[in-house]
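Structures given as structure tokens follow.
Next come two complexes built around subunit A: one with subunit B, the other with subunit C.
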Partner chain A sequence: MNTSSTEDRGKRYLNPYFGGFLLGLVLLATMFVTGRGLGASGAVKSTVVQAVNTISPAHVEKSKYYSQFISDDIHPMSNWLVFEILGVLAGAFVSGALAGRLKFKVEHSPKITSRTRLIMASLGGLMFGIGSQFGRGCTSGAALSGMASMATSGFIAMMAIFGSAYMFAYLFRKFWI
Partner chain B sequence: MKEELFVSGRMNPNIDPYLNIWHWQIPVYLFLGGLAAGILFFAALYTILGKEKEMPTTVKWATFLVPFILILGLLALFIDLKHKLYFWRLYTVIRLESPMGWGAWVLMIITPISMVWVASYLKELIPSWDWKFEFLNKFERWVITNRWYIAWVMIFYSVILGIYTGILLSAFNARPLWNTSLLGPLFLVSGLSTATAVIMWMTKNPAERKLMSRIDLLLIGIELFLIVHLFMGFLASSAVQINAAQLFLGGQFTVSFWVFVIILGLLFPAGLEVLEMRGVHIPIVIPVVLILFGGLMFRFIMVEAGQITRYLY
Partner chain C sequence: MIGPLIPQGIIGAEWSNVSGLVLGMGFGYVLESSGFSSSRKLAGVFYGYDFVVLKVFFTAAITAMVGLLYFSYLSWIDFNMIYINPAFLTSAIIGGIIMGLGFIMGGFCPGTSFCGAAIGKIDAMIFTLGMFVGIILFSEAFPLLEKIYYGGPMGNSLVNEVLGISQGLFALILIVVAIGAFIVATIVEKRVKKVDY
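Moving on to the complex of A and B:
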């Protein structure tokens, strides 16, 4: 995207503040329809649990963490977050198509290579995944949905996630800008 | 052969209370059979209409897949057979009341026709191709001059093959979910839809793709209509049919059916096709893969769920 002008960018992307407002409406609609909030890391967790359970059921049985998600009655993938994420993928695809942004590319600053960007983004994602399990939820499940229901933990999670991001961004800035 | 003696119809392993005899082979075959029938149907249709030049992928190139699709499907059926070496006995009789007899004979007719059809276009695909024997060259010339007549035979048998993939289930009177005459047309339409998807994927001609996309939208509409009426019929019927429908309306197949077949397999690709028609650039592979996936999923769910439904309680 580094070659495109600001004006072009404006046409291809939604205003971030308006996007946030829409996300809030989605959250409200989710609470209204399903009676619970949104989530994202839960779907990844279910997929990981299911993958590990397929490859090595014995390991899942022994592990304290994995075994809590496995029962005879409920399949780990039978979780509404998994279907929510399918919807997110489908919706993102349509949004990309409507904005004319459907092509394979790695978005990164001109100062770093695609390789650096991919490796660092994967590492960051991995660490966020682990962190979300320690914190019992990610930005969507713990912070966003938590704050929407006025839970103290939600506000703490939001402050912790964004506070630590501001603190550490300076140290890692060379990896992305 | 080991003999088995049945004293009662109840509590038979793999038969009662639940049928547990058809596994992945059957839905895979039903999917491949429907797909092959669909591709041959459109090839024959546009040959009869005299549009070989406008629709080259539909009439020629997509049909090259058919013999392989049919062979894979038949292989799946063969793997499913308990007594594999006796399959040829199906061909010693013609029994109009036997669904398997119908299938065996239709496949016996349409598989060689599809091979001959493909062979007659082989020289257009590989110009240096040589049949080596004069009688083969002569036969090829005969096929090329009589293609229009062969197309009529092919269209007839492709429709029978497409319907038959549903009849194999609906002729099974002991399972309420299958015992509805809507399954024949429903599987035919679904097979035609998967065929349009494959043609859209293969063609490089924008006009051909656009036409196939329109036909597919129409077929998806018909399929949804038939599915709604399938459930309407079940719910207006007796308790066993209502129970069968409940598997999809709150029961164990609800999520897989509505999410994977209806939303991701029909509505979402239809939406993408509409967007593409309105000029939005969509990589064609996405709707195509979703349609094929939805078709396969539909057959897996119907075979799986049908075996659970029953008359006796």
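Moving on to the complex of A and C:
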């Protein structure tokens, strides 16, 4: 019997339905504890607002957008999300470490270069930064958590994000397959 | 009703952030273990070679939704205290279209990019940086975008109310839809050319 190489070991993932079930339990626990779902883009937004506020509080006060998130009775969730993301980093790290997936690399299709991949990744992030503000959340906060709480916004987000991605998929196929 | 704990002050501020850390660790661990730290695996749902996103997402949403309904039924949680993200139809659709483009270009979404970054994926780290820039750009351009941002207000709308059915019935319908989707996904996966990633 052949022993698995490190490569193979690194590709061992949970059964997706089981993983989804576990994720659902984490989400349920989060709603039970906080009354809100999980989030991700919100933590980045909070960090941006806090950073800008540190550099120039006057700018934040004048800004119609930043100022919404910096009032005195700021919802404690803005801090909570940042701690959540720190937890995400730690949890993902542990999972990756146990599975032997820790490695610095630019993951890309062999049909494109690392450089192209990084440019696309930065543009993708840019789009998500902008889009998540319009969407008042991303796939974690707006879509996933929204769906679980039966929020209409969750289903709109879900359909818009995935519908749009499927629409654009053919255009960008050379970057993936 | 015991839950939700924090809004009812059962868990104080000091422990609130700790709960974030712990729940976040669960989130990150499960996501990474399911393969969400790999952009090529994530992109698979759009090209038919890997439906992990569909399977995990749908299963998670339904698990949490049904769990929430049961907790509410057993009076373990006050559903009325659960935060419902307000719906702004125009803004949500525009945001969704932009995010969808971001997903197909970047191969990540915010949560998964953190998972990827945590295990050393440089493309994930760059994606995260891009997000910071995107949010700054949006914020600075806000006066121009304001009208869209507040476009199509629907309030804290619940989808089952919009459809005029009970929560339980909606959950049942969604489960049936999900099972259908899983069957289609399994069939497509078997027919699409394997991608080695």
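Operating definition for what follows: the second predicted complex is superposed on the first by the 156 of 177 C-alpha atoms of A that agree within 3 Å, B and C clash if a C-alpha of one lies under 4 Å from a C-alpha of the other, contacts with A are read in each partner's own complex, and residues count from 1 in each chain.
The rule is short, and it goes like this: a residue touches a chain if its C-beta (ideal position, glycine included) is under 8 Å from a C-beta of that chain, and two chains touch if they have at least 3 such contacts.
Because the structure is predicted, anything quoted here is derived from the model rather than measured.
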Is A:Ile112 touching the first partner subunit B, the second partner subunit C, both, or neither of them? neither
Contact-wise, after the overlay, does A:Leu102 reach subunit B, subunit C, both or neither (first, second, both, neither)? both
Considering only the touch criterion stated at the top, classify A:Ile70 as touching first (subunit B), second (subunit C), both, or neither. neither
Going by the contact rule set out at the top, does A:Phe93 touch subunit B (first), subunit C (second), both, or neither? both
Please indicate which partner A:Met120 is in contact with in the superposed arrangement: first for subunit B, second for subunit C, both, or neither. second
More residues of subunit A in touch with subunit C or with subunit B? C
First, second, both or neither for A:Ser153, with subunit B first and subunit C second: second
Tell me the contact category for A:Phe83 with respect to subunit B and subunit C: first, second, both or neither. both
Identify the residues of subunit A that lie in both the subunit B contact region and the subunit C contact region. 83, 86, 90, 93-94, 97, 102
For subunit B, which residues are in contact with subunit A within the complex? 255, 259, 264, 268, 271-272, 275, 280-283, 286
For the subunit C and subunit A complex, residues of the former touching the latter: 3-7, 11, 13, 16-35, 37-40, 43, 46-47, 49, 51-52, 55-65, 67-68, 71, 76-77, 81-89, 91-111, 113-124, 126-140, 142-143, 145-146, 148-149, 154, 156-160, 162, 167, 170, 182, 193, 195, 197
For subunit A, which residues are in contact with subunit B within the complex? 78, 83, 86, 90, 93-94, 97-98, 100, 102
Any idea which subunit A residues touch subunit C in the complex? 13-14, 16-17, 19-38, 40-41, 44-45, 47-48, 52, 63-66, 76, 79-97, 99, 101-109, 117-118, 120-157, 159-169, 171-173, 175-177
